[in-house]
Amino acid sequence: MRKMPTALALLALLGTTSALADITFFSTQARPLEEAQQMREIALAPYAEAINYMPQETGTFLSRLEAEKTSPDGALDLLGGLHGELGSLTPSILTPLNDLQGSLADTGISKQYMTLGKLGGDQQRYIPWMQATYIMAANRKALPYLPEGADLNALSYDELLAWGRNMQEATGSPKLGFPAGRKGLIHRFLEGYLYPSFTHSVVREFRSDDAVAMWQKFREIWAVTNPRSTAYGFMQEPLLNGEVWVAFDHTARLKDAFNKQPDQYVAFPAPAGPSGRGYMPVVAGLAVPANATNPDASRRLIRYLMTPEAQIRTLRATNFFPVVEAELPDDLPASIRMSGKAVAAQSSADDAVLSLLPSGLGQQSGLFNKIYRDAFVQIVLRDADIEETLDILAPRLQTLINTSGAGCWLPDPPSDGPCPVK
Amino acid sequence: MKSSSSEAVMPSSLSSRASASLADSSSQLAQTAHKPRRNDMAWRWLFRAGVSILVLWVLVPIALLMLNSVSTPEQITGWPKTLTPALSFETLDFFWHYQGVISALGNSLLAAVFTMVIAIVLGAPAGYALARFVFPGMNAYRMIIILSRAFPMPLLALPLAVIFIQVGIDDSILGLAMVHATLALPFAVLITSSLFMGIPVELEEAAWLMGCNRWQAFRRVVLPLAAPGITASAVFAFVISWNEVFASAILTVENRTLTAFLVQSLSESPAEIKYAGGLILVVPALLFLFAIRKYLFSMWGISNR
Amino acid sequence: MKHDRWLPYYLIAPSLLFMGAFFLYPFIQIFAEAFTSSDGNVGLANFTRIYQDFNFWPSLKNTLLLTGVVVPLQLVLAIGMALMVTRMNKGRDSILYIWTIPLGISDLAAGIIWLAILEQFGFLNSFLSAVSVIDAPASWLNYQNAFALFLAVVVAEIWRGTAIVLVILVSGMGLIPKEYDEAGQVFGASYWQRLWKITLPMLRPSIQSALILRTLLALEVFAVVMMLGGSDMPVLMSETFDWQFLYQQTGAAAAYAVLIMLISVVITGFYIKFLNVPKEAR
């Protein structure tokens, strides 16, 4: 027992060594451990000042910021998060960055993205940082089963269904996969891909006849989808172990498969429905908390991260593409080359339907996603009646949109006031 | 060392009460009292088999996790699994070089030790009070203590963070340990109170008669008997703190614990990282339990023999 | 003794003050939030909201079912293990150490461990295919196989959570004076009779504590279920967590938390009433 005080003193020493005056970069992106490490080693290492890069789950990220908002000296210097995550914070938490607009004007950031960064207000609450989207990936083993006449780069949902059927018949097990697990992003598939492709809308036509037909089609597709899909978070894993041959996911969540076995996989655009080929770009932004202790240091770091060089480094680390104009070098990892091509094909397709991230939802963003996930679980997994389910959910969707006051966003045509659910 | 004294002061009234409860059933006992030899052997084998199965039941899953964490990623995603991995330490090595792991480990240990100390220093006296006294408000106290554990912690972290920031103990290991201690304290109180209840009050009374005051009697008679159980609840406090994620993630920024720092994003990492991380999470707790196993059980052994 | 009348209050005061500051204060805040709707009205709006949610009944059912299955099994298993321990001679310390290992393993780690075993390409399937029970890897953990999923969580929970019950019972058993058992032997009572009439009744305080603790923990089961079952097996705690951190509706999350607490209080009250330890018996 006499050793106790010594041990305690030793521990106390250990505990205090870590508190340095670094720039604390709190981020919901590049969260998987390897990615976080690459973020530090590739993207942030060249920066002159010491940076403490701390990836954080969305929930604790938001909670920490809300808890800190009353404090005059915040512990965090720079925030990195998705559009929806930054948007769901109390706006006053993020200091306006209007002063950075000028210096970034000629970097080639799209106006649309800069506008998103205003979060529906007049102030620049975040600076667009990097972008990504969702694409399809397939194991080459799956290609022989493509339905006759189908073009991988212009697939339709009907052909995807036929493909899935062929694979199931040939192999005896369903080989399609969706990220429908707890950590998966299936809600983005529904909001940004399925709904726009079938209804050319995401909110207005939520319970339209087209939407009912869409859910019926998705049920059919689900019948030839691996039922383990409800456990998938990152599709690269089931792709790599062969549980799944054809999958939809975020580019950053497919990269392991592409990098580890570049010759085994192909990347291609998402399928098209009757209304076109819906697709959704994702934007992550950089923001500075209003109570950051050294806002100049934070701004300096933002400026660094917005340089073409840093953007390419970030691309290597995270598989998120630059938002500024940057010349891509030739030695990029396989995942970036492969997904880059698919992304370009997707957005430049003749029938492409651009679907933007929900905007103006504020604290209702999480609930918005829940509506679509609930619809999926009830209709597809629990086999509930489609129209009944949509009729229960539509008023909830309307309520949360009214609460936030969000107007319609693409592909829905603009609205006066809150976006109406028909 | 106290076993002899416990026999000496064992009041005869107790044993007679126990035997009285047996008296009514004693008639049916005669035929079962002496069993044939062969039956004994069978029992012994059954006993050994049972113990072995339970040992394997605990160890095999951990061994499999270890196997996975020294396998190559290809083996982990491969099929079927073999029991002879390629012994690749690449993944474990990744963790070792992960920036900030060492200081996070230190923070975790420190928070766990603080938690342990707070929980026992505050919890054991309360456990003793609940066991030895009948006092107004006792049930209310017990209820508050239990209630506290019945409420999900992640929700409480947010208001706590707000106060911590105001008070200035935000992002400190001590502050975090206090929150962890609120999780561990109910266990400490309940475990110690059932322990003290199990120690016959007559032992203490005998010590009083021999001239000890209340504190001396407690220290010389009760404490040695209760030490293993107190250690058990201390270990439990340690483990609670070690494994807690949410409060750590919200209440600390620079001074992260290992779970908040590393483990939080484990479920999103590729399989090989997940398994190696799982092992890293398991090993320190194993070592800690191993280091204190003597305290945990040896005292009990003496008092029982 | 006059001194004695206040002693218990002195003894509980530090812990009470501590809990007041670090539990009661935030608790009251969250508790109030449960009864405050988003527009500031006091009422049951949050409870109606979670009640109408699709996941309410499944999560309540799963949690209660899990608790109802896991806790009794753990108690029986732990009693068996504790009895084995008392009959052991050599190697007892090592075996006890091994049996208490899961005590140090977090929910998350336990979930990872069992995921490695039970996943489609995991050790269980490898074993089954090696002994030719199955031809191709079967998928145990999927929503179409609710029973297997439930069973997997039960197995993992029993593996992880029995140790705490064991430790409490072993400590308690060590405190039963062996004179009682000897008296039983003198009267010719068989092992089982001594177990039923002496050991278990004497063990009641420990059993009560173990049951209360284990049940509270079982009602808050989260990480193991999420690792193995994900969104296929919602439980009360995962809903609480999601409403707070995913949907950012603290009121609804608080309502779930209050519900968990309510269930805990009812079950704890039940244990206290029916496993009551009469004061005179001590």
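So that you can tell them apart, the chains are marked A, B and C in the order they are listed, and the count of residues begins at 1 in each.
Criterion: contacts are C-beta pairs under 8 Å (C-beta built on N, C-alpha and C of every residue); 3 or more make two chains touch, one makes a residue touch a chain.
Nothing here was measured: the structure is a model prediction, and the numbers come from that model.
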Chain centroid nearest the full-protein CA centroid: C
Between A-C and A-B, the pair with more C-beta contacts: A-B
Whole-Å gap separating chain B and chain C, where each centre is the average of the chain's CA atoms: 13
Geometric centre distance via CA averages, chain B-chain A, whole Å: 41
CA centroid of chain A to CA centroid of chain C, Å: 36
Multi-chain contact residues (two or more partners), chain C: 121, 226, 241, 244-245
In chain B, residues with contacts to at least two other chains: 77-79, 158, 266-267, 277
For chain A, residues contacting two or more additional chains: 57, 60, 63, 183, 241
Residue numbers on chain B that touch chain C, as the complex places them: 6-7, 10, 14-15, 18-19, 21-23, 25-26, 29-30, 32-33, 47, 50-51, 54-55, 57-59, 61-62, 64-65, 68, 77-82, 118, 121-123, 125-126, 128-130, 132-135, 137-138, 141, 143-152, 154-156, 158-160, 163, 178-179, 181-182, 185, 187, 189-191, 193-195, 197-201, 214, 225, 228-229, 232, 235-236, 239, 242-243, 245, 259, 263, 266-267, 274-275, 277-278, 281-282, 285-286, 288-290, 293-294, 296-298, 300-301, 303-304
List of chain A residues in touch with chain C within their complex: 57-60, 62-63, 88, 172-173, 180-183, 226-228, 230-231, 241, 243, 363, 365-367, 369-370, 374, 377-378, 381-382, 403
Residues on chain C engaged by chain B in the complex (per definition of touch): 3-5, 7-9, 11-12, 14-16, 18-19, 22-27, 29-30, 80-81, 84, 86-88, 92-93, 95-109, 112-117, 121-123, 125-126, 129-130, 137, 159, 164, 167-168, 170-180, 183-184, 186-190, 193, 197-198, 205-206, 208-209, 212-213, 216, 219-220, 226-227, 237, 240-241, 244-245, 250, 253-254, 256-257, 260-261, 264-265, 268, 277, 279, 282
Chain A-touching residues of chain B, taken from the complex the two chains share: 73, 77-79, 94-95, 98-100, 103-104, 106-107, 109-110, 113, 157-158, 161-162, 165-166, 170-171, 173, 246, 249-250, 253-256, 262, 264-271, 273, 277
Of chain C, residues touching chain A in the complex: 38, 54, 120-121, 136, 139, 141-144, 226, 229-232, 241, 244-249
